[in-house]
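Two complexes come next, and they have one chain in common, subunit A, joined by subunit B in the first and subunit C in the second.
Up next is the complex of A and B:
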């Protein structure tokens, strides 16, 4: 999966229009990145990458790039 | 897992009651005080479009009373036959005595009856039936009444600040389950607790360790979500190994109605078709201890076809506490959900 495809997947998970995010986007600046969105992220990461996201890992996400780094 | 088998005990009837008026969450998108984008996203992720909120003068015991009366009025029990009354709630009428004693009086039960409360939330149904069935099996009584209900929605403000998930998530409801001795029947359960998860969902103020403080504090949504989607499927698998009956071999798998994401995720992890998992959260919200029996009432309450159902149920939440319970029940013994404005004047006044 290319980085652009991964960003598109994050946008879909967070209910955002395509092209809204870049790797540098600060998550605190994204209104839609709320607690429900974080749960969606847990499901997406498990479904697509077989990874279990803990609360500590999610707390460490500052930018979209931090999420991308987990999508391997 | 603590595995339990309650032989010669059956669930003889289930009834449920909710507040009279539906609260329309979808309509909140048109409220200028709300964020319409958030409301729409909330609905899509949780599946909740409506819920019921108790009136200011209604408590969980009013709905528990109403649900129990359905069973009495339909001839399922006579008050003098009930030897055990257990009430499961996080929203008692008083700090003391237990609400079960109040319900004992309102239901006109005999003095030859044990009655007490159990403080559990979303695992209330599986725990309550297990406790009741275990006690009934060892008792001179022939029937036990297990009621469970919460008013987690009533105390929360519904307009004003930007929406928070828990403000919208919960709905108010109660259910009543009648247990009776019945040769050849069997109820089984598997129960778990993880006290290290105490802080994930808690109301630490207003009791004896911290008398002063806010009624509600934020929980750890992520910890609860991860607990649910990992621990519940694991328990169901362990339970299936013990019973020799797989989750998809039941007529239905009735899960605590936490939110739609949780329901779909657990079903997927169990390899159970989602169509086999009845849903009530869309119209009633997360109804805490009553959610499993309410979902059964909602799904089968109108089916008077005498069908013998084999159900696997699971409750999970505050504690952390979770469990599974399986049993058979005839659709004729399941009553439709009653919407009621019933209340009770106990003679006390607010101070």
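Up next is the complex of A and C:
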């Protein structure tokens, strides 16, 4: 999966318009990044990458790039 | 002195007995005299639970309820080995949290396979002639989620509501056969499920703190649930059928 495809997957997961995010986007600046969005990331990571994200890992996410780093 | 809850020599099948609420039910029921058959997927864990039981005549059966077609075979083997049942506890379950936009039909089906279809199929199989003794009592482990809405709980809550609805119908249909069926609806209880919840949200998270405000008697211990199950399985509860008993530290009063 290319970086662009991964970003598109994050946008779909957070129900954002295509092209809203880049790797540098700061998550605190994204209004939609709330507790349900975090839960959506947990489900997506499990479904797509077979990874179980813990609360601590999620807390560590500052930018979209941090999420991308977990998507492998 | 006579104990009101007495299950001496009653043969009770517990599905989902390898951990959490089902494990505690096994221990508690053995303490009031029952002979329990422990079922779940992890045989090593079932053996560990077996060691904790009081009395003798208990047994184990490895069983995956997700494979609903296999339940009939497992129930037949259980009856052949241990004899007809006096009761069953269905504690197998998965407690999923999935936001609506990711709640695809196959996700709902995965949850229903274990929480609901496994339950109705196990009940259907043990309610056949020759597989139960008169006065059999069944208890499903439901959840307060059955009657409360919560974010991300569409699949889980629906599966528990389905269980409770089924129980009301089965209670009426099976009354003539001298079979009673009820469910217990716990709120948050200290099991591996709660550990995973804390791992996901964190102890100090708003989600957990909100929960503790609503569930004002605190987090339930597994004995709190097992004691209610023991009562509902006992002849002392002979006049109770088709109900869902909240064991919820006050949550549903809020």
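Methods note: the second predicted complex is superposed on the first by the 72 of 72 C-alpha atoms of A that agree within 3 Å, B and C clash if a C-alpha of one lies under 4 Å from a C-alpha of the other, contacts with A are read in each partner's own complex, and residues count from 1 in each chain.
Criterion: a residue touches a chain if its C-beta (ideal position, glycine included) is under 8 Å from a C-beta of that chain, and two chains touch if they have at least 3 such contacts.
Quick caveat: nothing in here was measured; it's all calculated off a predicted structure.
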**OP:** Once the two structures are overlaid on subunit A, check if subunit B and subunit C clash or fit side by side.
**Re:** clash
Original post:
Touch check for A:15: first (subunit B), second (subunit C), both, or neither?
Top reply: both
**OP:** Would you sort A:34 into first (subunit B), second (subunit C), both or neither based on which partner it touches?
**Re:** first
Subject >> Contacts of A:54 with subunit B and subunit C, given as first, second, both or neither >> reply: both
Original post:
Given the superposition on chain A, which partner contacts more residues in subunit A: subunit B or subunit C?
Top reply: B
Original post:
Is A:44 in contact with subunit B, with subunit C, with both, or with neither (first, second, both, neither)?
Top reply: second
Original post:
Same subunit A residues contacting subunit B and subunit C, which ones?
Top reply: 15, 35-36, 39-40, 42-43, 54-55
Subject >> Touching residues (chain side subunit A, partner subunit B) in the complex >> reply: 15, 31-32, 34-40, 42-43, 46, 52-55, 58
Original post:
Contact residues on subunit B for subunit A in the complex?
Top reply: 37-38, 41-42, 44-46, 165, 220-223, 225-226, 229-230, 261, 265
Original post:
Which residues of subunit A touch subunit C in their complex?
Top reply: 13, 15, 35-36, 39-40, 42-44, 47, 54-56, 59
Original post:
For subunit C, which residues are in contact with subunit A within the complex?
Top reply: 97-99, 101-102, 151-152, 199-202, 205-207
